[in-house]
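One structure, pasted below without further comment.
Chain IDs A, B, C and D follow the sequence of writing; residue 1 opens each chain.
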Amino acid sequence: MTSQAPLLSVKDLKVHFPTQDGIVKATDGLSFDLESGKTLGIVGESGSGKSVSSSAILGLHRGTSAKVSGEIVLNDTDLLTISDEQMRRRRGKNVAMIFQDPLSAMHPYYTVGNQIMEAYLVHNKVSKREAKTRAIEMLDRVGIPQPDRRVNDYPHQFSGGMRQRAMIAMGLINNPGLLIADEPTTALDVTVQAQILDLLQDLQREFNAAIIIITHDLGVIAEMADDVLVMYAGRAVEYGPCKEILTHPEMPYTWGLLSSVPDVTGDTDARLIPIPGLPPSLLNPPSGCAFHPRCTHKDKVKGNLCKTEMPELLPGNRGPEHTKRCHLADPEQIYFTEILPEIAPDLVEEFAEVNPDGSVGDAEPVRSSDAAAEAEEKKI
Amino acid sequence: MTDQTVTSDSGSAKSAEQSSEFAASRLAGGDGRDAILEVENLRMYFPVKSSGVIRRTVGHVQAVDGVSFQVPAGGALGLVGESGCGKSTTGRLITRLYQPTGGKIMFEGKDIAGLSPKKLMPLRRDIQMIFQDPYTSLNPRHTVGAIVGAPLLIHNVVPKKKVLPRVQELLEVVGLNPEHYNRYPNEFSGGQRQRIGIARALTLQPKLLVADEPVSALDVSIQAQVVNLLQDLQREFDISFLFIAHDLAVVRHFCPEVAVMYLGKIVEIADRETLYNHPQHPYTQALLSAVPDVKQAAIGGRRERIRLEGDVPSPINPPSGCRFRTRCPLAQEICAKQEPPLLQIGERHKVACHFAGEIGQHPTKPVTARLLGIDDQGNPDPGATPDPNAVEQPGFADTWYDVQGGHLGAKA
Amino acid sequence: MTAYIIRRMFTGIIMLIVMSMVTFLLFFSSPVNPEDFACGKNCSPALKAQTKKALGYDEPVTTQWVKFAKGVFVGRDFPDDPALKESAPETIAECPAPCLGYSRTTNSTVTEQIKEAWPISLSLAITAFFMWMIGGIVFGVIAALRRGSIIDRGIVGASLVFYAFPTFFIGLFLYKFLAIKWEIVKIPEYVPISEGGVSVWFQGLLLPAFTLSLVYMAGYVRMTRAFVLESMGEDYLRTAKSKGLAPRKVLYKHSMRAALTPLVTMAGLDLAGLMGGAIITEQVFNYPGLGKLAVTATRNFDLPLVVGIVLVLAAVVIVANLVVDLLYAVIDPRVRVG
Amino acid sequence: MAINRKPIVAVAAAAVVSVSLAACGGGSTSGDGGGSSKEASKGGTLYYLTRTSAEHMDPQRMYVGRDLSNMNRLVYRGLTTFPITDDPDAKFSVVPDLATDTGTASDGGKTWEFTIRDDAKWEDGKPVTCEDFKYGISRTFATDVITGGPNYILSYLDVPVAPSGLPEYNGPYKGDHQEDYDKAVTCDGAKLTLHFRNAWPDFNYAAASLRSFDPYREDKDQGEKSNYQIFSNGPYKLEGKWDATQGGTFVRNDQYTESSDESDSRQANPDKIVYTQGLENEVIYDRIIADSGDDAYAITDRRVPPAYYTQVTGEVADRSSLVDSPYVSYLLPNFNQMKNLKVRQALYMATDVVASTTALGGDKAGTPAKSIVAPNIIGYAENPNFTAPPEGDPEAAKALLEDSGEKLPYPIKFTYAGGTPTLDKQAAALAEGWKKAGFKVTLDPLTDTYYTIIQKPSNDADVVWGGWGADWPSIATVIPPLFDSRINLTENSNGQDYGNYKSDTVNKMIDEAAQIADVDEQAAKYTEIDDQLGKDVAYIPLELTKFYFVRGSKVTNYINNPMTSGFPDLGAIGVEN
């Protein structure tokens, strides 16, 4: 990450929902940066806080009982300090969002064109006719055949893939600097998913937009993201460049995600290693490391530390850009000796050669103390 | 549809019936065990009504159109494909939630396709289903004990007072606390509910489990738990599986043999090594290339993606000839005229494509032409005679056609 | 579309035939004998038999039904007694087709009775309909927008009260205070527009329509509120917000459109039901509409009138159902009829 | 039968009968301010508010006491009529109306002669003739058209009877055997002569009470279709049409002359009388008590609902009247079930009429009755067998029951017309008394099906409830209809003999009474029969229903005439101008 000010900088974001039973800390102290043209992947299970965080960036919690604190700086403006009206003017213009289920995300009673135009008209002083021309242009751009005709169709007349394309057209019509895609392909078939992911990448190049892609599918992350943020129980548990995280994960939860999904090339006799137990309650998160009740490696940490003390999000041995929230002293060794040989024995060597900067081959690992020091500096 | 396709369709259906005797005698699994389920030319057409004063049937949604396969005893067949390909309908036909339009469903050698609900009753014990959505498939007003125990009472399997101990035993088997039998489904998480669904399916000790997307509604970390559970159960109770899913990786992980469906038909079926490593059908290839692969992608080893254009056509009016041809990068004239037969091209490998071949190695001339008695453009060739064995049958024969070398012929 | 309408009409007619049969059967399986009513006090068995014959109830149910069905197409005479027709033709009441029967308790043909009562019920139904739709939607939306506030609780509570109290009670209460004690409104009375003009017609209608609308409004407030709240949780509303639309536009264009559509079905059917008469309201306010007519007919065991009203009401509901379905197809692009 | 037994739907046959009392009965003790308030004055509009719609406006078909007396005062003059009085103790008497005198009986009461006035006119100006009377009386014989009305004439008139029990003459429409009728009813100029099979010594009372014997214009008769036609010969006529459910408006009939009417029973004070039917009781009393606008000129035939009693105070009380009605309610032991006389006697002894009346609303609802006959009926006497105190004598009852030889507690099922809290309370109050005496009571409330069920001979109730009012002021219209087993008991129904009482002694005495020509002698005979009924405990009297009315403040000369059933007398009432 460069020293130049990023497009989006989220610092210590907290989204808390007061309920009758207590406060649900859906997101609890989340920080990340994102530059234009880059993609951040946020991965986690349902209830990990990944969708809540992105809604907070759009200010969708305004007017509800949710308590949002911290900083969300977009284009040098802290979105949490501006008025509702100012926030509204940024929605769809500076930051747009596409959702998981394009069928329910579009209003069933209005034509696709109408809904796309609406997004344009609200931020641009143009005639309806111009807006429609623009909408057709965008539909064409996202690969809808015969856009001048389909613009008058209703969402139910579109296929799932086309609906998601139309949603993307709607999101990008104002050329926003930031696009948040919340599980954009989960409801789609694999071939359609591939089409959509390709489209997003093409468009990102064209518009130089920053993208936050939220998903539970590490495969999507692997294809799309420059940086990865792994969330668990409302907190980031591992954060770093995509390739680095996928080849040298240092947090047992990330290991769990990697080892619990089969892939189409792996060893078929290998057994999946599931993460035991259930995701934690956000009302009463576990003490210490929130993952410790499900962690199979907590015995490797002395003094019951995992249970009593929450680890900080700090760099490990792999350099300052790769941070994780874990007490394990030498996670790399555990991963390469205990986990990877189980799930992908053929990849152990290849993975081991990947350097923190993404290059392959011999390189001097950064000393952990230096990395820690650098991280400290960054904090200040 | 051209006239020609019609004749060819009816012709294949007819000869399928003729050869069924032969097919039934074939062996199923590589381990030499008999097939517990053999499906032959299974069809399910949902009528489409006209909008006139009298509602005539003007067409059919050909949800499943001539599907044949075997499920080996104690084995697992995977059924993959995109939404609308007919895989779930196939599952429902086998559990006889639907009455098939045609074809045979041989379960342990007995055709259950046309059985009356009354005669089906004892068979329902043997064939059970696990559903996709653990939230809607359990009655929220019944306790878990009642849900799991209901089949026992309906089929009068054990005396009433023994139902509870059996229910608790089952809950323990699927990894739930047996003391929770009197709780309601909403007190459980999604994964736990799917376990309840599995327990219910296991209650009657079925021989065949049809699992329709059993893990796709679950969180990733929970998916693995359920997949592992199903694998354990299969081993422990010797249950055969028809495993239906859209997730190619999960199917590959679970099933030694996998069939790929497209628009109501099986386009390719093979053992998993062959299917995933050496797919010959352009659709299978496209499907596989679209699956993101974490580990490969991480080291930059991403495969070239085969882009499919457009959407799946309507099953009411499927394309003539090969149904995939409208989206196929290889399609030629013959594809519109002739439906490619599901041809056995390897020991345990069948594919339905005129231009079957591995990626980048597809032949330029149709490999099926001579076999079907037609020329390379798909027109009838008066000089050639169609091979009567080139019709779809369940299971695999001892002889197959070699397309590798670009020529046809039997190989021992 | 036309074919669809014809098909629906056809099934509707079959339903009407079945309903007329069921009504006949129910009537004759009742333990009470209609001739006992007509005969009066001190009736000897012979006199009773005579009365039964005069009423036409001595024939088998099937014969009676066939005669009824025939009458619908070709008309009938009452009483259907050739001897009497010859000797005293002036006593024979003619009932031209479509003859739904002749009501002895009101001494006119059922068709005439319904023709007289219908505009009254219609006036009441339509006036009430507008009152409750406007009130229901306005209060429902306010409650939904101020969810959890005192206003919301007040509206929901009040609608619950009106929902819980019997119409009879609300009607009498309003009658007593608004019309009698405080004389805010006129004592309800039906005056046709042709006689008193719109203003007098409306004044006489105000109280019963208001009573009726209060009862229905209660339901519509709660439904509107629920639908608006439901629509506010929809994904497409989140989409609308994330586009940067103004809250007002999100509410009116996106939320309301979705929330109010399901009301169309209910409103249509409720209105249709009311066209068949608001039984209790008409009773309380002595409004001689179809509802009151139905009660009187049942009370007097006047079979022809009962059957006639049942059929007319059923026909209205059947047509209303069709209209609602067609309307729905217009409102909701996802729905196609055919 | 008491009127308000059925809260909303008065269903069964007999329930219709329950409101169909002819002009008779009436007051004994006047309550708070029964009589007229102010002097009558001519002019103005009177409003008549009511709930129950008139079923018939055809004189030969109407049978409801209210309609019989009201229409007599307004539009339908008869041979005779009752004079205006508000004296609750007035003896019944009749005065000539369209006839020149009250009629002359001969041949032991079997032949009656009247002379019709020559100066009375129909509303179209044509004179009322003897032939009109003859035609009117003949209409009742058309039993296939003229249904629902009183049919006494069928069994009295001296015409041949077919095996079915009905006369061979079948009315003027079909006119079979017209000659029989022409012999039995003759017109000689203005002289009308009627020949009866049996003595009918009080026929002129019946003629005053019922409208069956009123004249009818043949050229206006359309049979069934004339049901709501009102063709007047009285001081008022109908303006426009009568609406079956809503009512109608009466205006002055310019063809009516006071000189043609010497009955002195039609003061015809208001210029206009507006009838509004179909109003709920609560609405009627809300309006009348509020006394605003037109409602100050309103009267009603509906009783004050018990819930409104507390509102009848001060000024409102001045506008109220409490009088006796002609309706008596009673209990009937079922003789198919309760065959032991001692048990029936015990039941009577244990019956707590005071508690029962209290449950109904106390002294504004009724007073304990001492016979099934109302006190002002000719032939009324306190039944000497009913000597127990009104609140019953459980001790004596217990003794009787123990003496009866039956096993105790004696189980009884009480079937009554229920469905409202008031009626259920009444039944419970009665049951309470019976329990004290050693009965074990099962309550069986029925609503719409009440009469249908108790009329079944196989009904297994031990006690049922009943109510009755005389058709004209004669005990002869009470005892035979209720206790003559020959006319009531058939295979399928017990008619109005709900207790299945069957006594040859009583039947024989009824036959004897029918032969007596003198009114008083006949009445004395019936009193004897009542005594016999009391000995058998054929019935147990409960209460004589009270009428409790409130009227508008601008109503003048308000009279509840005991001779016209205790309803407001439209012959006298006027309004302030």
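The rule we apply is simple: contacts are C-beta pairs under 8 Å (C-beta built on N, C-alpha and C of every residue); 3 or more make two chains touch, one makes a residue touch a chain.
Here's who's who by UniProt: B = Dipeptide ABC transporter ATP-binding protein; C = ABC transporter permease; D = ABC transporter substrate-binding protein.
All of these numbers come straight from a predicted model, not from anything done at the bench.
Counting C-beta pairs in contact across A-C and across A-B shows that the higher total falls to A-B.
With every chain reduced to the mean of its CA atoms, the largest distance from subunit C (ABC transporter permease) is reached by A. Between the CA-based centres of subunit B and subunit C (ABC transporter permease) the separation comes to 54 Å, rounded to the whole angstrom. Taking each chain's centre as the mean of its C-alpha atoms, subunit A lies 91 Å from subunit D. Centre-to-centre spacing of subunit A and subunit B amounts to 35 Å, using the average Cα coordinate of each chain. Contacts from subunit A toward subunit C (ABC transporter permease) in the complex involve residues 58, 60, 63, 88-93, 96-97, 99, 101, 104-110, 115, 118-119, 122-123, 154, 156, 167, 170. Those residues of subunit A that touch subunit B in the shared complex are 45-46, 145, 159-162, 189-195, 197-198, 216-223, 242-243, 246-247, 256-266, 268, 271-276, 278-279, 344, 347, 350-351, 354, 360. Only residues 8-14, 16-17, 20, 53, 55, 63, 143-145, 147-152, 154, 164-166, 172-175, 221-225, 227-228, 243-246, 276-280, 282-283, 286-287, 290, 292-293, 295, 448-449, 451-453, 471, 481, 487, 490, 493, 496 of subunit D touch subunit C (ABC transporter permease) when the two sit together in their complex. Subunit B meets subunit A in the complex at residues 82-83, 189, 191-192, 219-225, 227-228, 231, 246, 248-250, 252-253, 272-273, 276, 286-300, 302, 305, 307-308, 310-312. Residues 31-33, 36-47, 49-51, 53-54, 78-79, 81, 83-84, 87-88, 90-93, 104-108, 172, 175-176, 180-181, 183, 187, 283-284, 286, 288, 292-293, 296, 298-301 of subunit C (ABC transporter permease) touch subunit D in their complex.
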